[in-house]
Amino acid sequence: VNKDVRDQAIAHNKEVIDYGIALGSDSLTVWLSDGTTFPGQANFRQAYQHTLASLKEIYDQLPEEWKVFIEYKPFEPNFYSMSIPDWGTSYMMANQLGEKASCLVDLGHHLPNTNIEQIVAILMMQNKLGGFHFNDNKYADDDLTVGCVKPYQLFLIFNELVDGMNNTNNPNLSWMIDASHNLKDPMEDLLQSVDAIMMAYAQALIIDRKILIEAQQNNDVSLAQEVLQGAFRTDIRPMTAEARRIKQGALQPISAYRYLKVRKELIKERGKKTISTGL
Amino acid sequence: VNKDVRDQAIAHNKEVIDYGIALGSDSLTVWLSDGTTFPGQANFRQAYQHTLASLKEIYDQLPEEWKVFIEYKPFEPNFYSMSIPDWGTSYMMANQLGEKASCLVDLGHHLPNTNIEQIVAILMMQNKLGGFHFNDNKYADDDLTVGCVKPYQLFLIFNELVDGMNNTNNPNLSWMIDASHNLKDPMEDLLQSVDAIMMAYAQALIIDRKILIEAQQNNDVSLAQEVLQGAFRTDIRPMTAEARRIKQGALQPISAYRYLKVRKELIKERGKKTISTGL
Amino acid sequence: VNKDVRDQAIAHNKEVIDYGIALGSDSLTVWLSDGTTFPGQANFRQAYQHTLASLKEIYDQLPEEWKVFIEYKPFEPNFYSMSIPDWGTSYMMANQLGEKASCLVDLGHHLPNTNIEQIVAILMMQNKLGGFHFNDNKYADDDLTVGCVKPYQLFLIFNELVDGMNNTNNPNLSWMIDASHNLKDPMEDLLQSVDAIMMAYAQALIIDRKILIEAQQNNDVSLAQEVLQGAFRTDIRPMTAEARRIKQGALQPISAYRYLKVRKELIKERGKKTISTGL
Amino acid sequence: VNKDVRDQAIAHNKEVIDYGIALGSDSLTVWLSDGTTFPGQANFRQAYQHTLASLKEIYDQLPEEWKVFIEYKPFEPNFYSMSIPDWGTSYMMANQLGEKASCLVDLGHHLPNTNIEQIVAILMMQNKLGGFHFNDNKYADDDLTVGCVKPYQLFLIFNELVDGMNNTNNPNLSWMIDASHNLKDPMEDLLQSVDAIMMAYAQALIIDRKILIEAQQNNDVSLAQEVLQGAFRTDIRPMTAEARRIKQGALQPISAYRYLKVRKELIKERGKKTISTGL
């Protein structure tokens, strides 16, 4: 509500942009925790207008070739309403801001049962899909390892991405992993997440789209399912392993990571650097 | 997918418009059951484009002063995706169609836990709230009597309507009740629904907005809640009864309906008409 | 509420048992659509007691070696409460009935986000898992082809079944497919469903349980995931195809079904029978 | 998994019982955050058995007249499974422990759309409803002020309590408020919560149960709704205010609290005590 507080937030974002320029970055992700926890706590329209006005000031500070991503989330940390609760609000704002603005999809930021792949497809068609925060979830914003609970949903999302990538008007996508790992070694969590993304992408690439389109045109629902599941049931691991090998990577990342004691080495390394910095 | 089938649907809508003109109507509600029940059954982008193209043809046939409402629904009768699943898609389409098009909110057409009052507020602010299908629900599109499960949510929606009505750029709202009644006398269900709407509206009108705004500005969350709940806890029934009396209506609709045996009389009446028509 | 109506229902179930005896059946599945659609419509406690009393009368009529399965469902066709809404109520009743009674799990009969595999595991441990209605869903009781939306959940359920089958005190499970198919040829839907079940079962069988248990004991969460996903990512189709071949079945059921025009032949066959019956 | 860790937890609970005895308490609430965040992380059956075995050791230490409440929660802090996820598991454990054990219902610990009042009714009928953690929520375990989002649900829960209290075999209920208040003065949050509970209770007491039962027996669903809503629509605030006045309490607690600057006085008071303790 308060203009001073908003000005602080705007100034903070501008500062972040300056750091980004210095670091050679070219995009800004805005996720707002703003919202209300009790009915009546704030006015929805005013909150929207304040949010949009502040985003406009930030938008105007963006360097020419930069992009800004508008993230959405239905609840948490606020428990009655969020200022940008869903893709519809994010899309509305991205449109009102301009071409540099697009929507960011965090897989865990949806109400139960949401068809995320449809949102991805429609945003991409409207040139407003900016990128992803990949993770997985069973209940809410659980921030689990990508693909650990709903691998088929991940595949269906990549099916849309592969299918929609011929739309060159949509901005280049920004790929981010946003998982929290207090039960796993964070590096192993990342290795598993990257692997899940590679597999979903590769499986989406081997979908026989010619037959899929024919099946859709003939309303042959069984066949359409056979085509999608056929790609998903294929053991794609040899192919993603080979793709890593070609790039001088490990065939089996987790095993290599453990065998080479990478974690231990990295901790040692960090120790050295900290000491040299200290000097 | 098939152009012929779409043309039939378009022709049907045009025919409906003609009947509407003959009957003195001035609006068309489009609720599409279209969608898919299995992954891969259809292409989301193509389905969107076909839907929009068809709606454009219908839109172009609308008489000058008519409006068209785009309804949305997350699932059922299709169980994987709906062509217009949420308010975001409905808003996108209404925008792409033009000024005569706006969004229709059916209270039962949302995923679990959706904050409907926020959607209502934002659509109204964007001049795209066309109207309502009022009903209530606990699980899905249950089509229950208005206010029978979540009366406070109904009040919060009316709070937004009363607050947003100063926006004269939003179209006049269309009010519809869309409840299914196979367990109650349908007339009694309607009487209870209308009563619930009158009470929610009247309670929203007695909210002390001056204090509410002050509380919001001071971030006095407890007071904001006191103000809203104070209006909701007020027994508004004498006021709505008096409003009915002034208009020559019944003080207690259900009791009057039963005492006067209206149902029985209507059935008799219908019998007569049927016979005379038969002759 | 009404005793006469309950007596009719009881008599109907007894009649069904008689037919079952004549047909050589050995179990009865009870799914009750009973419940309420509006708050206050009935008394929860009384509904429970009436349901239990009626089930007891039916239970007493069961032949010695028969079993009765108590199915549960959270909503639909009633929209406020169901008499047996969840596994807890089903379990309570099965316990109060006796050893012949156990719980039936329909995969689509759960509230959003339910961990079904945990329910399966716990019921099996308590000797009260009677069987399944297999299907798949995205929103509610969608009755889709098994495995078409959540194949990994199906695999996790079979993981529990394989792991729990050493409990010989649990009754032999009854396997039923309960999918609705108005968009697919019903036979093809069944072929796809059976295939999905075979794959989930086979993949659960190849889980390296020794390593899984070690990982669990060492709290090596990453490794536990690797083990489960390793089995699930394995292309098990050659193995299930071979299993079919050994039993003189088709390697690729859908293809064979289409190539051999089984549907057409069956319709012809049915035509003949109908005619001869007609004579 | 680890026996040593479980023994620590058991020892901790026994210590808590000792403190409770010293303080004159007579009950122990067990809420377990245990569970798993990734599929495969632990074995459901083993987790259940370990949990039950530990609870048995604690149970055996309970003084004669003590009670133990088993709380359940579907997710958070674990995101794949909880050891006691639902009322069914809690009930199963309470039964296996013995008469001193019963179930604790936290209103925020349910999956979306759960009919909580039915759970309350059935547990009470089975003599296993131990008490409540009152709060309110819109999405998950939001821990909001009681009655601030779903006041009608609260009323329906009290309807069951009033109706079921003639069952003297159910233990005396323990009433707890479990709300989190980082946006409101915690004292004001509590005052609002207590007020909401008093109102729901008083409104449940004025339900005309004779007519309600008649309506249920006649399957007069409209009338049953009129009876419930009639009680809920009644402005009960004068009655709860009078009840407070009789007990020498404030007519309007929040106003009195603010007018008398209770918070400020309490802080001063605390300051004094802290100082004297310090000396």
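All chains are identified by letter, namely A, B, C and D, in their written order; residue positions are counted from 1 within each chain.
To be clear about the criterion, a residue touches a chain if its C-beta (ideal position, glycine included) is under 8 Å from a C-beta of that chain, and two chains touch if they have at least 3 such contacts.
Keep in mind that this is a model prediction, so the values were computed, not measured.
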Interface composition of copies chain B and chain C: same or different, split at half: same
Cα-superposition angle relating the copies chain B and chain A, to nearest 5°: 180
Chain A and chain C: spacing of chain centres that average the CA atoms, whole Å: 36
Shared-contact residues (touching 2 or more other chains) in chain A: 37-39, 41, 74-75, 80, 112-113, 115, 138-139, 145, 148-149, 183-184, 221, 225
Category of the chain touch graph - line, ring, star, complete, other: complete
Partner chain C, residues of chain B touching it in the complex: 37-39, 41, 74-76, 79-80, 112, 137-140, 142, 144-145, 148-149, 183-184
Complex interface listing, chain A residues touching chain C: 112-113, 115, 138-139, 145, 147-152, 183-185, 188-189, 192, 199, 221-223, 225-226, 229, 232-237, 254
Of chain B, residues touching chain A in the complex: 1, 37-45, 48-49, 74-75, 80-81, 85-89, 91-92, 111-115, 117-118, 121-122, 124-126, 156, 159-160, 163-164, 212-213, 215-217, 219, 221, 224-225, 227-228
